[in-house]
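Labels for the chains are A, B, C, D and E, by order of writing; each one numbers its residues from 1.
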């Protein structure tokens, strides 16, 4: 995630970090060169190119806008839903911890230990979900929050976050057997675990189900067709300004396309993706504070305007 | 579902799998030939065609975009809602299994068997719903998860997934009679079954209620009118490039139309439809792991970039 | 609801059933004749009509598209929400029946009768709601599912479906007095009844609150203005093709308008309205099967591609 | 709310009630006169006005459509959400009454009186909320449903509907003390009261938070700029038809703007606002019928196609 | 928030408060001056500037509208969701207070004090959340509602509103130990606290996750490109009216952009941001009235049409 204040009008044109330009400069350069070639050809052999008029471009432009606009909305919705799911995870993590410290009897035998274990598992779930979504190894982040006998079983599991939730249910069952919690309150806490399962499955849905592939083909093919035709359509009226126009139009259309591509998979590590590391660290600190611990890991700060 | 990485600019124009072109090439060819005929006619008899100007085309183009855009949004919403319902099914399947292993007493007499039966029925429901939506026979996939005495009754039923849910309720009632579960927790588990009934009815709604037929007529008629008129409108300015333009415009408009058609019925087996087989298999493996079984069927992998 | 496969390109232009053309042919004919008259006038007296240029039409066209697009979205949303409410009714009917057969003790004295009565009332509610929404008499469909002493009271009621829900609550209360159900499970079943009350009130909301009347006026007035001006605007460039253009444009704009009109009141019996009869019959059969009955009424099939 | 059948094509142009024309005729007249003046000036002094071409108008037109379309969507969403909240209020009122008559023991001492009091308070809440939203005095409508000792306390309150809900909670507490209701069912009934509090706060939100003021400025300023420039832009091509065009364009743009203005505050008494009086009266009758009373106030009928 | 009646047509053009003009006048002036310079250059050296035609501008204009429209919708959704969250907070605050006064036994020993403490904490949460979102110090507003021994612990906390919710849970636990509340009703009250945690986390989500930075770059760069090119594109047709057009176009595009910027961060103190101070004060008064107190702080009134 890019975190920076609004740049002024001069900075605006020279910001690259967070900009989509680095992803699309080959296309922009290509279209600009094409525009320059067409303009040069038109200058030396004015009759070389047929006198395209612009209107057919406008027809294509309408279709292209329709496709780009739709795809952008759908991608942004995925990105924002992903963010909402992580917001829900924060709600569930905090509320579960609040309820555990409030309603599991901390002064009974084993009560304080049971509280710590449940909250540690909640922290581990936050990290494990992030690692699952980014396809990285979770063990460095979560081992310190697990009991040794559980680690081996977890390493066998194909789906670590889901196994952690089952472990939480099991610990909850233990609390009930030790009469640390009534059956009634078990249900209340179990609701939070179910809600965390919902967050996980929703994130998996967004990750595993891209937008239908055919949209990408439709959008990109139309965008290429459009930019190939564009210089021929405007060269008679714009002359040597043709490449400039081509560059600007290519920037806007390919730029929106590339941004949609980036946002539709919001759990990655591209500049505009979600700051999952910072979020799971913040939740970790929050939950350790609820437990009453006094040493916290450092929050993750943006480096170079970028928060991972 | 098509699963492949972003193609480069050259591949982009030659991908057919997942593309919508195979469905609409007759229209594209027809419109291109019409464009060629009009261009030829115009060349030999320049006065043959009235000097249509383009603007009326723009008027029609606005209407057509309105129709296509609306229909595309509605179809995509159906597709995405269908995917969300299957995501909900995964949530319910996992949570029900977690609750069953956590709260049904596995060490009491008959407890472990009751757990296995309930989770097996959940797996069967996943497969049966897929087969119902695709109108295929479920028995190969589900028989191994059913008890012999139940199979006959299920074969009589007009709606197998619904009958499976009722069977789950019955098994739950048995657990209560055998004191494997308190009435309080019965309610918690029953909530999951109700939620699975919701998933089923929502999928049936999407399957049985197509977009109003009149939309299809409006969109397709307008698209045909538009493409019939197009070559006459642009031939005076574009000359022999007319067929090229016609082909591109036909591709964009008929392509979006055909894609909307494909997505509005998301449970089929067209390339951009949902990968129900892969999803129900993944749930099956997940639930068997929860049960502690060690032999799993193989997950379904994409063949030729396509996941069923 | 129109149920038919995708027609081929030739059929497409000759389908009337489900098409919106029968509703708007007067407008299409009128605009076509106007176009013909203007074209003839222009031919004989070329100076008769001022040389309108097209651009002002484009300005009006933008406004008209804005209005039509908005109204269409709003109408479709009403139609789809109505369909969702009936989907919810199916969920509630099935789940209530499942819970009744599962949790009301069928082997206790009066248990089986109580089950049958509750499920019969659920079927009656489905039919009664349909009749209320279509303003027809429900008695033929529901009398066989009611006890004689209840029929008179129901006939006095101003709102039969609502009275049926109250009757269900009363029967539920009786079950509790006879100890057929615990107070805890009463609440679970009562949730379903409340949800059915929600379906009813939402359907009433859609039925009783049309889109603000002023939208209809804005859309239709603008559409008429537009079509009156259109032939004057295009006659100089299109000549004798003017009436053809006018007909196509009138078809698209008035067609979308008429379809929006039809969908905004989704409970009627117009071709694109919801198939309430088929849905309530399907629920009836489903619930009778749950009860274990063996004789079912016949499902309602589409006649002539049309399902009521 | 305007309630009338679809007018025919002739009536369409002469309907004023529910139309937005009475609100915007000054602007229409002004723009028409301006158009006439410009046309006259152009006729006598053809060189007086610079030869504006139309395209810059199209640029402004795009921006204006964007603003108007957005504002209209936002206003309609507010209107429809307001209607949904009142639909929810009907659901809650009916369900609460159904539950009260079903589960509060009417044959115990004080039971029937407790039922009547609770349902009377529900009716009073419906009326009081309407009066609060319309900033009128509720006492005429609600006094007959209150006990004398409660009226004085209510008159002190700054927020009568909220105080009524608290009164309902208090009566519910009394029922519990008198053992007319178990604690378990108290919770069920309290859920309904919380839901009514939700309806109230949502209505207050819509009423107290208008759309950001800056939108209104942006829309209206752009609309005025546009209509001031319009006649100069079209006078060379349209001549003496300029005022006609100006009038139609002003009607569409100012009309949509005025309608958005009216709908964004849906609780008022403008023609297209919600029929709160009719709705609260209908709920009153419905609830009195549930109580078994036999004398009802008359339902409110539309006067002159208008329902308040 | 700006609170004022609809201005008349003359006032409309001179309102600055709430208008977006003060934020964008540098851009408007710059574009106007550029337009003037181009117009002057064109007048003295008519061949100086290439004869740009307008159509390429239209192409850019479509892209720009797409970007602006999308960004505006997304920002407004954030603003309106933020408002809904604060509406939810009002619902929770009122309902929690209603339930506390209704179900915590006020006549038992310590009951009245427990009621007051819980409601005071609810008021404090409202103020603390506002201060957290505006990054100001909460102590002046909340100290009077806290017990002395709690203040120190709260001052240590990194997240005051979250700590307040935990304190509420703790007080609730105390009530349970003192038998002022059954475990069953604890759950009901705890639901409200969880809902308040949801409000907090949702507000934090909106505050901490801006729209992807790349959108801002795309929109602003395109808007600048557009306005730089505009005067060259229209100078041949508009002559000395070029600067006027440039000013109006710059006003509409930069204006919508600046408004989107303002609304996307709805918790600030810009003129169109939410009136958090007024809302939390109104809730404070409402809750003190529920407690039966008789002295209230003064409600916050708009100063100069502006409500903070």
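Descriptive notes on the structure:
Heads up, the rule we're going with is that a residue touches a chain if its C-beta (ideal position, glycine included) is under 8 Å from a C-beta of that chain, and two chains touch if they have at least 3 such contacts.
Model, not experiment: these values are computed from the prediction.
Separating the CA-averaged centres of chain A and chain B is a span of 24 Å. One finds 39 Å separating the Cα centroids of chain B and chain E. Chain contacts: chain C has residues 58, 62, 184 touching two or more partner chains.
Contacts between chains close into a ring here, every chain touching precisely two others. Read round the ring from chain B, going to chain C first, the chain order is B, C, D, E, A.
Within the complex, the chain E residues that touch chain A are 27, 50-53, 55-56, 58-60, 62-64, 66-67, 70, 74, 157-159, 162, 165-166, 169-170, 172-173, 183-184, 187, 190, 193-194, 197-198, 201-202, 204-205, 209-210, 212-218, 220-222, 224-225, 261. Across the complex, chain B is touched by residues 1-4, 6, 9, 12-13, 15, 18-20, 54, 57-58, 61-62, 65, 68-69, 72-73, 76, 79, 83-84, 87-88, 90-91, 94-95, 98-99, 101-103, 182, 184-185, 188, 234, 237-241, 245, 248-249, 251-253, 255-256, 259, 262-263, 271-272, 274, 285-286, 289-290 of chain C.
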